[in-house]
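See the structures that follow.
In the two assemblies presented below, chain A is common to both, partnered first by chain B and then by chain C.
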Partner chain A sequence: MNIKIEVMEHDNLLEVTLAGEIDAYTAPKLRETLFPLSEQEQVNMVVDLTDVGYMDSTGLGVFVGVFKSIRSKDGDLKLIGLSRRLIRLFEITGLAEIMDINSQNEGEKE
Partner chain B sequence: MSQPYDYIEMKIPAKPEYVGVIRLTASGIAGRMGFSYDEIEDLKIAVSEACTNAAQHAYKSQEKGEVSIGYSLYKDRLEIIVADRGTSFDLQELRKKIGPYDQEKESIEYMREGGLGLYLIETLMDEVEFHHNEGVTVLMTKYLEGEKVESGAKTISP
Partner chain C sequence: MPFREVMEAKYRDILTKYIKEQSESTLYIGQKFSRKSIENQVTPEEIISLHKMILQEIYPDMPEYVVHSFDILLEIMLGYGFAYREHQSLRDQQKELRSEIEIAANVQQTLLETKIPSVEGLDIGAISVPARLMNGDYYNFVEDENDCISIAIADVIGKGIPAALCMSMIKYAMDSIPANRNEPSMLLENLNRVVEQNVDRSMFITMFYGMYDYARHVFSYASAGHEPGFYYDGKNEEFSEIYAKGLMLGIDKKTKYRQYEKNIHPGDMIILLSDGVTECRTDEGFVEKETLLNYIRKYIHCSAQEIVNNIFKDLEKLQDFQLRDDFTLIIIKRRV
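Let's look at the complex of A and B:
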């Protein structure tokens, strides 16, 4: 029940890879890592959620905050590798309509 | 109303690090009862949201509270009660802020970053009741597939 956060920067692209569970305990760590990055000008951030086995509203809250911060500086945030469960979470909360989710991969995966 | 055939109760300190423990317990119990993978994942989120609310609430008011979680196992359903005994937060106020995001109404700058927890509980469980007196108690029920026929309220997720 923890989270592993990896950030790689190359060619103006911030690649964030997450593994583990995002809940009330781990969300603050995620926020602390992503927020400072999101406040730079025109950040291009891609967050890979392939190895995230669990997420709830605490994680959604972090991504909403980061998304707002990045957009306010004319940057871009993409979330990739979402499982069918995570896609459902973004869909039922209406966030799938607003945020860029799984746009560059095949879409759903089991 | 039939009697539960088993009842399991747990108490955790009102701290975020224990929410995952309750989530694992809920998963184990629901799995034993025969809930499907998706139903178990829904239950995990709902119970985590309820515990998160309780823990954050206790944290904000600087209390060293406890959260009680009760699982009532019935033949046809699982009832979960999550109770925090802290001073009550304003449920009415909280309810105003719940609900899905609406792209039409909310511009990105004003998108709220919280308030989805209660909405998820209500969406993912079959029946939810909030009681609000000394603290806040959430009573939520999920029926085993095909058991809740008469009310017809069950929605099948895509």
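Let's look at the complex of A and C:
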């Protein structure tokens, strides 16, 4: 099980594309990549999860941490391309109400 | 006799024999020899010097270049010798760490121990199994003077030791919240403030908190982002999700939790669980909600403890006995 992380920066936007599985084994790698980025002032980050087949609560923890860190620096985090299973995870935990999830409908898939 | 003292004679024996007849059985003896020498911490370069020395003895007029070739081999094998010794010492350290973790896991077990209350009219069963050594799931029962049983079920996001340490803190925070604030929504609001202030920013907790009033048979509950449980309507033999919305603990200190109530009738059941149950994965994919409910139906006539034990056994088998996540399941049955 592995994860591929791609970060592209253009203008004022950080585009992160993830592919693979996010679990207890891959989450540390994700955290190491995203945390330093989230600590800059006024970051505008979009994370594309279209190719993430599985994410457990450890992965959720990474995104919440990144979200809190970005918010504290007046930045913005968007998650796009979440599968229905992932959406459910964000809904159950109440995170869907405070985080920007799939606001661009393009990524929604069955 | 110590191995090192006979090592030279043994190796000479094996080497001369093999040079003479190249038999399988001598190769096998060679394998046994290497196991013995590893056991006795003989380094690779020691074996090579031994080889060179014995070869010079048997063939005194061995060409110079062969002798020199051993010197370079020896030099190269020195590095392997270092790596080997490092590996040995890491193995010892790992053993030590493992036994320390085992002790910590036992301490955690004792700290978090809870007794399933026995109340007339109710049948309660609970099981919690960690995926690794330490459990990031937690459940707790408290029986108070007002004919109520409180049930907390929680999951720390993150696994292993950090999650387990965090859980111990939650238990003490819960115990120190005054009893008159035990209403589920109030309790979660209080706990949320504790977690928000005291826990690492990438560690979060989901919790379902319920209070069963066994004089009136009313179940009141609130949830902080926890995996929803199920309610079983005994009369109509139907399951429904126990819906309760709320943000998980530790994110926003001003979070409010809504409290819900449900009347429980004879033959009804309350099923509470952690995401280790619903996120069960097999080679063919996730265990669907229907599959889980079918397992409950299959054992519905058993006692609550038998139901949870049997479901755990079945789901563990389905996953080839490899739990990916901590697994917690609680069933509260109102007796008919």
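Just so we're on the same page, the second predicted complex is superposed on the first by the 107 of 110 C-alpha atoms of A that agree within 3 Å, B and C clash if a C-alpha of one lies under 4 Å from a C-alpha of the other, contacts with A are read in each partner's own complex, and residues count from 1 in each chain.
Note that in this section a contact is a pair of C-beta atoms (placed from the backbone, for glycine too) under 8 Å apart; a residue touches a chain by one contact, two chains touch by 3 or more.
Quick caveat, the model's predicted, so the values are computed rather than measured.
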Requested in this report: Please work out whether A:E21 is in contact with chain B alone, chain C alone, both, or neither, and reply first, second, both or neither.
Outcome: first
Query raised in the report: In the superposed arrangement, does A:S69 touch chain B (first), chain C (second), both or neither?
Result: second
Requested in this report: Once the structures are superposed on A, label A:V47 by its partner contacts, choosing first (chain B), second (chain C), both or neither.
Outcome: neither
Requested in this report: Kindly classify A:L95 by the partners it touches after superposition: chain B alone (first), chain C alone (second), both, or neither?
Outcome: both
Requested in this report: Scan A:L30 for contacts with chain B and chain C and give back first, second, both or neither.
Outcome: neither
Requested in this report: Considering only touches as defined above, state whether A:T58 meets chain B (first), chain C (second), both or neither.
Outcome: both
Report task. Specify the partner with more touching residues on chain A, choosing between chain B and chain C. Result -> B
Report summary line: chain B and chain C footprints on chain A meet at residues 23-24, 54, 56-58, 60-62, 64-65, 68, 85, 92-95, 97-98
Report summary line: The chain B residues in contact with chain A across the complex are 16-17, 19-21, 23-24, 38, 41, 44-45, 48-49, 51-52, 55-56, 100-103, 108-109, 111-114, 116-117, 119-120, 123, 157
Query - Sites on chain C touched by chain A in the complex - result: 155, 157-160, 201-204, 206, 224-228, 245-248, 251-252, 275, 279, 281, 286, 324-325
Query raised in the report: Hey, which residues of chain A end up touching chain B in the complex?
Result: 1, 21, 23-25, 28, 54, 56-58, 60-62, 64-65, 67-68, 71-72, 85, 88-89, 92-95, 97-98
Query raised in the report: Considering the complex alone, what residue numbers of chain A touch chain C?
Result: 23-24, 31, 54, 56-58, 60-62, 64-65, 68-69, 85, 92-95, 97-98
